[in-house]
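Following this message is one structure expressed as structure tokens.
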Amino acid sequence: STWKVWTEEDVARTLPKRDGNVHKGTYGTGLLVAGSDDMPGSAALAAIGAMRMGIGKLSVFTESGAKNVIAALVPEATYIQRDFSKKIGDLGQKFAGIAIGPGIEPNEAFEAFIAAAFQEPLPVVLDAGALSKRTYPKRTAPVIVTPHPGEFSRMIDIPSKTIAADRIRLASAYAREQGVVVVLKGQYTVIAFPDGSGIVNPTGNGSLAKGGSGDTLTGMLLANICTHDNIKEAVANAVYIHGACADLWIRENGAATLTAHDFSQLLPRVMHKLEKLCVN
Amino acid sequence: STWKVWTEEDVARTLPKRDGNVHKGTYGTGLLVAGSDDMPGSAALAAIGAMRMGIGKLSVFTESGAKNVIAALVPEATYIQRDFSKKIGDLGQKFAGIAIGPGIEPNEAFEAFIAAAFQEPLPVVLDAGALSKRTYPKRTAPVIVTPHPGEFSRMIDIPSKTIAADRIRLASAYAREQGVVVVLKGQYTVIAFPDGSGIVNPTGNGSLAKGGSGDTLTGMLLANICTHDNIKEAVANAVYIHGACADLWIRENGAATLTAHDFSQLLPRVMHKLEKLCVN
Amino acid sequence: STWKVWTEEDVARTLPKRDGNVHKGTYGTGLLVAGSDDMPGSAALAAIGAMRMGIGKLSVFTESGAKNVIAALVPEATYIQRDFSKKIGDLGQKFAGIAIGPGIEPNEAFEAFIAAAFQEPLPVVLDAGALSKRTYPKRTAPVIVTPHPGEFSRMIDIPSKTIAADRIRLASAYAREQGVVVVLKGQYTVIAFPDGSGIVNPTGNGSLAKGGSGDTLTGMLLANICTHDNIKEAVANAVYIHGACADLWIRENGAATLTAHDFSQLLPRVMHKLEKLCVN
Amino acid sequence: STWKVWTEEDVARTLPKRDGNVHKGTYGTGLLVAGSDDMPGSAALAAIGAMRMGIGKLSVFTESGAKNVIAALVPEATYIQRDFSKKIGDLGQKFAGIAIGPGIEPNEAFEAFIAAAFQEPLPVVLDAGALSKRTYPKRTAPVIVTPHPGEFSRMIDIPSKTIAADRIRLASAYAREQGVVVVLKGQYTVIAFPDGSGIVNPTGNGSLAKGGSGDTLTGMLLANICTHDNIKEAVANAVYIHGACADLWIRENGAATLTAHDFSQLLPRVMHKLEKLCVN
């Protein structure tokens, strides 16, 4: 099984074109399960990522306190009042993909919600509060988990330091055993696929080392699983482009000063450059 | 009856000048009936469209949850607490035009509100939640309906696919039979008038294929029916300029990345270019 | 008594310098009485005007629904919960100036509040909801009223059309009889002083003919009465600079597209140009 | 003991680099105790300062009314519902530093909270409402107080005028006697250390003489005590960079027009210039 470094050429080769006789239905509706009264912004940052990466429509399943925060930054999103006891079957058929976790403190009802989501035939991204030590049911639609080393440590019960020394092997083992895509974040993010193949991401820098960066990536992943045909390309492009935004930032700004909501301005410019390289 | 493609020259010829001894009363007050607690942003996006296109004043009839979302983006708007049982006669005389529908789930009280609005002698724009299978009373002030193909399908009980293959004929038939202006949205938006004439719009691109785009257009139409003398020009210019904003966007940014609230920055630039071409 | 057209040279000659061993106390604290649950944005627009023009501190006396709207745009402001029965004496000594009216529906308690404000030894700006047919008590600190022709018509019981034909004479008569400064707004705003002298303002254009423009001017006036020594210069400079922002806008943007919150970006640039011309 | 003027070279020499295999944990989590229902913006301004200066994560301990205001400007922050009777021990171990005071009216519970914070082994910044006449317990982690002359006058019971004439001596005396770092703000801010040494800051100008400026500095100090190893450099750099932002502002904008939330745009540019000078 092959591992490769994802490059600008790979992005240019695999980025979907957005033209011709398309409409918002062409790009699917995503469900974002994120944000809470005490962590409202995380949902807004993920929503920025999803909308700017090109999702067709975005619905946010969140607590009421998070709504205005999201809406001020992403007025294009709509809302579903959070109630984790709500039957996910009511939600499942309307969406092309679902991302779960930023800004959520896990509890039992939330775990049941995640379990129900797994029963739906749609790709699932799990991040932050949705990451824990668990097994995954057999399903055809992909599951993508996006831990940083600290979160991965909790998921596999191995100290962060051990993980740091062995990122590719550990991520790949988990991906193969659990049948999920692992995005092990950090400098040179590792993406491991269930078939044993994988990708190392060359973009990004220390400006991303700040609360909120990962939330935006989760939203970008949600958009990409809704707009790409190929799941590997969907994930690799999201991770690459996320880092490329940070690389653009530090060419013009102090590395300590990036905040995740700056992606709203960075993504249009980074995507423009990449779309112009597109050959497909 | 004639059909034509609307061009930059047509816009330059028909755009009202904004100078001399004018005041906000010169440009009329619009009433925007849009937004709800779960879809607050749609009203904000329509309000952006209305204010940036030059309406004199804007009053938004909306649920309380939507107010702060609108106000943060469009502090120039004022509010009327939504109550669809409120007599529309209380509202009707104060306004130069009314747009109804973005971000509203239809119900009986809402239908009654629309029916009452039709009794008022002012132009009415219907979009989104206000679009349904209905007939329209005889009236002198124009009605403009702005469906995308999915919405038009529900309005005329014909599958979207059939509509896609026959957009001009079907839009024009509806416009003539119902006596309304039909803006059938999508690539090459079709505008059909009750007299059988019509316009095809050449601007716009796939960057508009995202939730929220249509809401902004509705606000732009509201502004134009309040500021143009000629209803055909009012509608054609709004549609043309809406698409031209997207065309400007993709010259500088990734096509996947446009969000509807970017129109707040795009409209001033696009209008500047067009106003400079003005010969009237 | 002399009337003159205020020019860029006049501004350059009279604009206070902001340097040296100054602190926020040097520029005074203003009290803005504006905004309501249904018109929250007007207070935000006035607050933008006040802060950008250089007030030292700004306190806003407003309804709770307006607070978040203001704070999102002007986080530098602080709040006093509106209660018009509150003794103005509690407020009066802390402030260098007070502006009253944008976004307020007048009622009896509000009238009493205005009457109490007149008893305080500080300059008062009255706009919008605070403008009505009234007489003014004898006081040493100036009163500035800022009607547009429709509001002036209500204040002096003369039809708008008659006013339009005779702006300077009517404004000046009111100023002399009532002992207040009259800012009669519109194209070529007229500023009439109690001593019979006056100013005609050459800046501004039709882009200002939109709801919200006047609210920003009220905030700018509040700042200027707190930061200038000379009341005539304070008023003339605010009016001149307000129009100059609109003149800058239309050099770069469509004239129909200006919104009042754009002053937040325009004032820093316009003031930069004017401060560089400063000779004092 | 030495006193020196802090220079651009000093900043370039002491600014931490942000690259390599870092993550948000590398830069620590700060606790900001600021903002209230009537002064919500002060917390937002401090949060802007902290995030833009490079803190790893920021948690804001505030009243519920301040949350949405902060979140709209700094969606990267998270919240803890303010309750000053909450045991600080619950908070103390999670944080690398704590800043207390902007937008808070002091009361008994608040004083007890500050006293409890002093028991925790983490650096403490006190500003605004947290500044009063007090003594400080012996502790190893530094305390930084940031009064303007009016606040320092209350702290040491000496009239502002007397302070103005003797800033370095009085600040240094307090620093040595109380064992705290004193940032005596104003033109040429004086920074006095407990060991008798000190710094005079050459940056900044009258554009900072406006409500809100100090709040942003408090946030910048919070970030710096979390990201620098050396407390003197942490404080000196925050003060220098704060003033440098104002110096950049007036090169491009009117000096009267700066508002504290503009630091969100200024800090990335100022930091970029300084980081490029870095030799470490």
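Chains: A, B, C and D, in written order; residue numbering restarts at 1 for each.
Everything below uses one rule, namely that a contact is a pair of C-beta atoms (placed from the backbone, for glycine too) under 8 Å apart; a residue touches a chain by one contact, two chains touch by 3 or more.
Here the structure is a predicted model, which means the values were calculated and not measured.
Enquirer: Rounding to the nearest 5 degrees, give the angle of the rotation that lays the CA atoms of chain A over those of chain D.
Expert: Fitting chain A to chain D on C-alpha atoms yields 90 degrees.
Enquirer: Centre to centre, using CA atoms, which chain is the farthest one from chain A?
Expert: C
Enquirer: For chain A and chain B, let me know how many angstrom lie between their CA-based centres, rounded off.
Expert: The answer is 34 Å.
Enquirer: Where in chain A do residues touch at least two different other chains?
Expert: Each of 68, 72 in chain A touches at least two other chains.
Enquirer: What pattern do the touching chains form: line, ring, star, complete or other?
Expert: Drawn as a graph, the chains make one closed cycle, so a ring.
Enquirer: Between which chains is there touch?
Expert: In this structure, the chains touch in these pairs: A-B, A-D, B-C, C-D.
Enquirer: So in the complex, the part of chain B that touches chain A is made up of which residues?
Expert: That would be residues 37-42, 44-45, 65, 68-69, 72-73, 103, 148-150, 186-187, 205-207, 209-213, 249-250, 252-261 of chain B.
Enquirer: Please give the residue numbers of chain A that touch chain B in the complex, ascending.
Expert: 16-27, 29, 51-58, 67-68, 71-72, 74-81, 227, 267-272, 274-275
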